[in-house]
Amino acid sequence: MKQHKIKLGVSLYSFSTEFISDQLDLEGVLKRAGEMGYKGVEIVAAQMVPEYPYPSDEWLEYFAGLLKEYDLEPVCWSAYIDMGIRSDRDLTREEIIQYTLNDLIYAKKAGFPLVRTQHAISPEIFRAMIPWCKHLGVKLAIEMHHPHHFDVPLWQEFFAVMRGEGKGILGFVPDFSIFQHRPHQLFLNQAVELGFRPDRLAAVVDKHQAGVPKEAAIESDFSAVEREITTEIYGKFNRPARVEQLREYLDCIFYIHGKFYYLPDDRHDPCVPYEEILTTLRDGGYEGYIASEYEGHHFDAEIDSVAQLQRYVAMNNRILNEQEALT
Amino acid sequence: MDFQAYNKILICDDEIVNVRVDSVTIGYEFKIKYPSYRGVFLSCIEALDFYVDGRKLDESTIFFYLNGKQFLLGELSELFKEYWFISDKATIRVIDPNGIAPGSHEVRVFMRHRVPYTGYFGEYLVLDSDESKTLAVSDRQEVSP
Amino acid sequence: MKQHKIKLGVSLYSFSTEFISDQLDLEGVLKRAGEMGYKGVEIVAAQMVPEYPYPSDEWLEYFAGLLKEYDLEPVCWSAYIDMGIRSDRDLTREEIIQYTLNDLIYAKKAGFPLVRTQHAISPEIFRAMIPWCKHLGVKLAIEMHHPHHFDVPLWQEFFAVMRGEGKGILGFVPDFSIFQHRPHQLFLNQAVELGFRPDRLAAVVDKHQAGVPKEAAIESDFSAVEREITTEIYGKFNRPARVEQLREYLDCIFYIHGKFYYLPDDRHDPCVPYEEILTTLRDGGYEGYIASEYEGHHFDAEIDSVAQLQRYVAMNNRILNEQEALT
Amino acid sequence: MDFQAYNKILICDDEIVNVRVDSVTIGYEFKIKYPSYRGVFLSCIEALDFYVDGRKLDESTIFFYLNGKQFLLGELSELFKEYWFISDKATIRVIDPNGIAPGSHEVRVFMRHRVPYTGYFGEYLVLDSDESKTLAVSDRQEVSP
């Protein structure tokens, strides 16, 4: 039995509830991550970096001190391609390059070897960043997030760049939202709060799982909100990617977002097929980080992020190790 | 239904403060935060309405303060270089020489805002955040504009 | 012989050369004004107030301390109506009101009893500011500056507001540029530097003074720059106002800009009829401030502002007192 | 011919500095001031061109830094809330992984700018400031972006 080389890191984004409600500041978040045993951290710069997108040297020094103090390793600087910043038009090529170069430079200054970017960068600009990535020694990877997936034609262009000129410099970050196949508990709770009758909701979830078409799942007595949420369930939890595609593009994976919304225990995620995903990655030889990315804070501010993360790490370790033992 | 839990941070708990210059009242103010997990540029705000005790405020009487600057609500949609950090409170100042009466008031904020990275297939997610909160008026007598 | 009650103040704008070249900072400018014997000062907020248009409380406190230290009296907070801020359109009514209210509030906070505004405020908005002026106890006055003058129809509307609802609250600030009748020495020097042949320039100035039409002053051998500057001389130094109009609108004058560009000595300004202006104001009973407003810095950064101001004050005192003695 | 003497302050005497991140050069920068007696909003800048040793720089390689922010030259005309205080230097950073060679270089700046209060009879005064200055390259090895 060979030991797997997957490392479990954390996106500080997982502490959104505590951060935005001022229960934890940046130092508090880093301290907590360190206390939980995490080493590798990802920061969503637009979330936790004051003065972003142009943080001061003072802040950079402060941040370096915190990483050192809590014995953390900077792994991923997460940037956005905020195409829709402006009201009148999308960003131009020059603006996208400006923002991306800015993030590469600040990632470098803050000690991160990798920048997470987004699909809207376009294959052409993605390729155009190669000289800067090489010059700075910082890798650039596009996150693949639901509703995108491997078979979106744009992504075939991205993979061509990653495997061509960008080899070893440009890659991607799969987010497990692409494998999510059913609504999580916090979504269901919110639906009920918004007026979805629990029995009708349960029926919709069952029909969605059974492959009954959306039209047949919407009953004639559904309220507007019930129709809307049913449409969202069908649109959102449709598992657009196949797990074996991870293996197919393993050479392009620089980093992974271990997305989850709510774990009822520390053994199994009912919404994302972690067993299949993790063993595929492990057996395929993936050796990088999987960042715990708790996202339930979109739905419920009362959930304890730390408890969720602890369950998540336990589940990952169990699958990676127990199931390994079985093979 | 993403983003819904963030609406809780929209209206801050800070008290409403009557704003005076020397002893002259020029209005009152309260604080709001951007209802998301991350900061954005102000140009992503598509609509912003305020109600106090059920009455909609005339937008020409409202100044939006952030980053040491003062904006008209009508200017927000163009401010693509004015970043609203998620931990920063914006001050909403209502210009009114009478100020606001002591006691408690119900403040309602409606914000329509665009999530600028969500155009996976062309359309941006546009959220409506609509929150109300009862805020007390501060006893403080002197405040800097 | 009755003693006149005209006070000589200074616009800090007179020290532009020293301020913008970092020879004097704001404290240096105030100190110099105090040393010269001035008491009343005007500040062009958009020039010398850091963080303008939203100066901090720290700055306001600092500024109050400086005024106290150098025994100066805040007289006029000069604001602009920057109609052309935007590239796509002029300011709207709401924006003009926002900027004006902002200046009234900051003037109040900084201890100034008067705000200088500009014609672009429009009669309607000018009137609309009355309640705020009364509420704050700050007066508002429009500067009348060349090329405007008393007979511009807009100004008749302004005077109607000043004498009607705005009485005692709304007024105007004549700037003596409206009486300038010939190019000053620094203008002539600059013209020569730009290539205007000195003899031709002298001939143009003579013809302009003699009332020869511009077309007849432009010789057939004039270069483009000579034609351009001749046109500027005719356009700019045309004395659009008559000095007796000062007396006519004396009731609306809240403050005065003693504009000058270059004084060759401390007795006489060759370009602006100070003898006539000052005796008219004095004999009409004007009791407010005349701010020394040295403006040669537009043309020559080598001129010593202090020396010019000293000549200016001496000239004013001579005219106000000597000529009084003669009557 | 008003405003002409102010052009002398356009290009600052500060040395040109090669900008490095750790040991990696990303470009070089020099400083300019607004050529007037007063501050304005950046939206009053109608054109801004830079030349180094006679060669016009590609505007896509230039970042304009002021008030702690970074702008593209193409953005300036829209920045009606970004105030350039007359005493503040803007940093012009030229993105170039080679930096600039040691020694002296001639920097030329052309700025076309609108004086926003001059519309006495409808037309704004628009000024052309065109200055050149020889600047030395600094020996400093480490600079913060």
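Note that the chains take the letters A, B, C and D in the order they are written out, and that residue 1 is the start of every chain.
Rule of thumb we're sticking to: contacts are C-beta pairs under 8 Å (C-beta built on N, C-alpha and C of every residue); 3 or more make two chains touch, one makes a residue touch a chain.
Everything quoted here is computed from the prediction, not taken from an experiment.
*Asks:* Give the chain pair, either A-D or A-B, that is connected by more C-beta contacts.
*Replies:* Counting C-beta pairs in contact for A-B and A-D gives the edge to A-B.
*Asks:* Would you mind checking which chain's C-alpha centre is most distant from the centre of chain A?
*Replies:* C
*Asks:* Taking each chain's centre as its mean C-alpha position, how far apart are chain A and chain B in Å?
*Replies:* Going by mean C-alpha positions, chain A sits 30 Å from chain B.
*Asks:* Round to the nearest whole Å and give the separation of the Cα centres of chain B and chain C.
*Replies:* 40
*Asks:* Round to the nearest whole Å and give the separation of the Cα centres of chain A and chain C.
*Replies:* Roughly 62 Å separates the two chain centres.
*Asks:* For chain D, write out the residues touching at least two other chains, lowest number first.
*Replies:* Within chain D, residues 69, 78, 80 contact more than one other chain.
*Asks:* What positions in chain A touch 2 or more of the other chains?
*Replies:* 51, 53 - these are the residues of chain A that touch more than one other chain.
*Asks:* Once the touch criterion is applied, which pairs of chains come out as touching?
*Replies:* So, checking each combination of chains, I get A-B, A-D, B-C, B-D, C-D as the touching pairs.
*Asks:* Any idea which chain B residues touch chain C in the complex?
*Replies:* 21-22, 24, 26, 60, 63, 68-70, 72, 74, 95, 97, 144-145
*Asks:* Considering only the defined contacts, which chain A positions touch chain B in the complex?
*Replies:* It is residues 13, 16-17, 19-22, 25, 44, 46-47, 50-53, 80-87, 90, 118-120, 145, 147-148, 187, 190-191, 194, 229, 232, 297-301 of chain A that touch chain B.
*Asks:* Across the complex, what residues on chain B touch chain D?
*Replies:* 69, 71, 75, 78-82
*Asks:* Spell out the part of chain B that touches chain A in their complex, as residue ranges.
*Replies:* Chain B residues touching chain A: 1-6, 8-9, 33, 36-41, 43-44, 46, 77-78, 80, 83, 85-87, 114-121, 124.
*Asks:* Looking at the complex, which residues from chain A come into contact with chain D?
*Replies:* Within the complex, chain A touches chain D at residues 51, 53-54, 56-57, 94-95, 97-98, 101-102, 105, 108-109, 131-132, 135-137.
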